[in-house]
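Both complexes below contain chain A, partnered by chain B and then by chain C.
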Partner chain A sequence: MSTIEVKNLHFSYVEGDEILKGLNFVIDSRSTAIIGQNGAGKTTFVKLLKGLLKPTEGEILLNGKGIKDMTVAAIAKHVGMVFQNPNDQIFKNQVLDEVMFGPLQIGMDKETAKIKALEALEIVGLAEEKHTNPYDLGLSRRKLAAIASILAMDTEVIIFDEPTIAQDYAGKERIKDIIRKLRNDGKTVITIIHDMNFVADVFERAIVFAQGHAILDDSTKMVFLQKEILEKSYLEQPDVMKLCYELGFKEGFLNVEEFIQGKMNKR
Partner chain B sequence: MARIVIEHLKYKYPGTNKLALDDISFTIEPGEFIGIIGRNESGKSSLCQAIAGLIPNFYKGAYGGKIFIDDMEVKKVGVEELCETVGIVFQNPFNQVTGSKLTVYEEISFGLENMGIPREEMIKHIDDAMELLDISKYRDRYPFDLSGGQMQRMAIASIIAMKPEVILLDEPTSQLDPQGREEVFQAVQKLSKQGITIIMVEHNMEKIAAYSDRIVLLEDGKLIDIDTPQKIFSRDDLDEYGVEAPVYTQICRELGLKDRSSGYYPITLEEAKRILSGDRKGEM
Partner chain C sequence: MKSISLYVDKGSWLNKMAPESKIIYIITAITVPALLGIRWAGMGFIVLSIILLLSGKVLKKTLPLLGVSGFVLVTVLIIQGLFWAGNITPLFRIGPAVFYKEGLNFALGILVNVINILLSFCVLILTTKPSDMIENFVRKGFSPRFGYVFISVFQIIPQMTETMNTITDAQRSRGMETEGKLWVRIKAFIPLISPVIMSSLINTKERALALEVRGFNSKNKKTFLNEQVKTSADIYIQIALLLGIAAALIWRITVWLG
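Our next item is the complex of A and B:
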């Protein structure tokens, strides 16, 4: 189990225009969703976690060690990130080569890399497509190939940037299973996401970013009960939670199952 | 105001043996807001590309049947002519950015320049579209420096600026924050009320249920159903098509609560609230 400590983290692309204005929190074993308006600094934050950007002030500690002294390559052995747009990530002309690329770059031998890659393709449901050109896959399956590429690296920390883009019901269910499995295997899972129903279903903790600050940080349920703060941050409650609010329930239910269960218990 | 008639449409991508669109027929009235749902690779994007004429004129492949937009047969007119009537917003906004323009403002002007719209009129169209999508503040930014959500708004604005009579949107809000998504739905609904026909592919069932006049359900390239959201989401066999009903419908179905007047399950927050408040009689 790895820990990530974020201490007084500041960042700006242009001097005088701070994107992150002093973040302080510790990422623990709970699967964590970072939510917030477009432009709230979510992607910037995860780029800092990957060492792709350097903080202007403050620091990030990975297992107690400051990442600013580590190279991007060294960080990549610990922290994997699935890009928002798979086209930014994928460049090989065969799915299997693409998925083996990351493992090979972080020093796995070819045989292990192949085993890990095939396992990862199995998990995302693309085992049959291993010889396909990733660009012949539709956007939803290309995104799954991008996820497999990171899973194969077997890093302690896995970051997903908008994992549900272009996914239908089955795709979302598959990604939910992947996230739950990673979490149960002791991996640290962090996601940036706009799909509140998905967060309600899978994530244990939610952090709300707004104007460069983490303005809410609690269990998913507690965060989603804060209707007004969410709306001020250009977010909204998950759909089932909206219904609970409209019906004047004191308790909020995160999804259909909880709602039905709660209703049955009251009968 | 354009009426769309699709007659026995069949299509196969080059180098494949399977029909991506398999004998689809239906009619869309001017100003309708049509939602297209179905599992991935059921033909949703292909159907959009066909209505926009990119199938078959750009993608080639084997094509059968006909699509008419008023009296224009899509296959027979060039994409360059059709794009004055039909606009399409791609699934991945990155694929839509021209790459030949240095600012958001110029990017949105691209379509208008190519249509030869007079300067004064162009400026007005661009300003209106930027305002509708709330991106005026990014007007001087470089298109590829935008975030995913900002780029998605720009892509929609650049189509709206061309003032087409039909707008096709392929998952236009996937990268937007929840309020941004709601704003785009409202902006698009406003256009639909002005008589512009809207055809939207979307996986967010709560939104598509709340905004569509009718929903097209596709499976394996075939048209399974086209009907009002209430009727579509009250079907018992949705899971066979890889589709989930809105959470409001799921809850009311579990509890056996139908709308007495229509005989269908509720599909929106408001409908579910109405039925559940009647049902619960102060229980919870």
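Our next item is the complex of A and C:
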């Protein structure tokens, strides 16, 4: 079980224009969704987490150790990140080779890498396509291949950047299962995302970013109950929560299942 | 997205001038000194360009350009000053190196020409939006297809740079080293370049579709979204510049004949 400690984190691309203005929190075993309007600093934050950017002030501790002096490649052994657009990474002409690339880069031997890659492909449901050219897959399945290529690296922390883009219902369900599985395997799962229903369904904790600050940080339910604060940062509640609000219910439910169960128990 | 164009909108009168006037200015600034064959003419145009750039508030922007070519020009000055074939009269010496008058004079001619061409192009490039210039050409009958190709370069290159950065991040995130020894960099080449090429191809296809959907190949006469950049003074300036060229040409011919 790994922890990420964020201490007084500041970052700016150009001097005087701070993107992150002092973040302080600890990412624990709960799966965490970082939400916020475009430009709130979410992507910048995860890039800092991956060591792709260096903080201007403050620090990030991974398992109690500062990542400041680690190279990006060294951090990659611990923190994996699935980028938004699978086309940004795919360069092999076989799905299996593509998925094996990451594990080999972080020093796994060929045998282990292959086993891990096949496992990962099984998880995302692309085991049948291991010899296909990734560009012959549709965008949504190509994205699953990109997810597999990070899963195969078997890192303690996995970051998903907008995992639901271009996914249909089945794809989203598949990604939900993947996130739940990772969570149960004791991995730290972090996502940055705009799909509130998806957050309500799978994530245990939500952190709201606005203008470089973390303005809300609580369990998903507590965060989504703060309708006013969410609206101020141009976010909306999940659909079921909206419905509860409009119906004038005191309690809020995150999703359909919770709603039905909550109501049934009352009777 | 970072622009690759050197254009800056300062709202100056040069920004509002028609691009054609500035192009004719370049032609004049190059042909007139060449026709007259007098070095002072070149220097005169250099001064004129500096005044124009100053009034267009972009003189500062020329400094990096002059810096780069300045380095080359200094080497020209040194080499010609030392070794030009017609060197006879020593002018001064620095240690063992003797600089000759003729060579320096010859180098000065090159210097004036290069700086003149550079500055007159700056007058156009620093004050004209590339898309405005091309739209004006298209208005004058330049093929819109080629016009699009030129304009799109200014959009596609920054876009590719951005994609390249994301791809570098994505591959580094998978534990790939991109910095360090030459061999590391060579190994990193394919994982970095293939996604760029693939996504450029995909983008190109989508761009083509998007253009076609909006009637790019339609045979109808097209209108323009942007208003034409020109002022009432443009036509007079253009005539004056063309008359200048004609005068220089006539002078040259009479000198030949006479």
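Here, the second predicted complex is superposed on the first by the 267 of 267 C-alpha atoms of A that agree within 3 Å, B and C clash if a C-alpha of one lies under 4 Å from a C-alpha of the other, contacts with A are read in each partner's own complex, and residues count from 1 in each chain.
Here is the rule we use: a residue touches a chain if its C-beta (ideal position, glycine included) is under 8 Å from a C-beta of that chain, and two chains touch if they have at least 3 such contacts.
Treat the numbers as computed from the prediction; the structure is a model and nothing was measured.
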item: Combined model on chain A where chain B meets chain C, clash or fit; value: clash
item: Chain B versus chain C as contact partner of A:Ser12, first or second or both or neither; value: neither
item: More chain A residues in contact - chain B or chain C; value: B
item: First (chain B), second (chain C), both or neither touched by A:Val72; value: second
item: Touched partner set for A:Val256, first chain B, second chain C, both or neither; value: first
item: First (chain B), second (chain C), both or neither touched by A:Ser2; value: neither
item: Partner chain(s) touched by A:Gln94 [first = chain B, second = chain C, both, neither]; value: neither
item: Partner chain in contact with A:His194 - chain B first, chain C second, else both or neither; value: first
item: Which of chain B and chain C A:Asn85 touches, first, second, both or neither; value: both
item: Partner chain in contact with A:Thr112 - chain B first, chain C second, else both or neither; value: neither
item: 74-82, 92-100, 218-226 or 236-244: stretch of chain C that collides with chain B; value: 218-226
item: Chain B/chain C common contact set on chain A; value: 85, 87
item: Residue ranges of chain B in contact with chain A within the complex; value: 38-41, 45, 91-92, 94, 147-150, 171, 174-182, 203, 206, 242-244, 246-248, 250-251, 254-255, 269, 272-273, 276-277, 280, 283-284
item: Residue ranges of chain A touching chain C (in the complex, touch as defined); value: 47, 50, 52, 71-73, 76-77, 80-81, 83, 85, 87-91, 101-102, 105-107, 135, 149-150, 153
item: Residues of chain C defined as touching chain A within the complex; value: 163, 166-167, 169-177, 190-191, 194-195, 198-199, 202
item: In the complex, chain A residues that touch chain B; value: 36-39, 43, 84-85, 87, 138-141, 162, 164-171, 194, 196-197, 231, 234-236, 239-240, 242-243, 246-247, 249, 255-256, 259-260, 262-263, 266-267
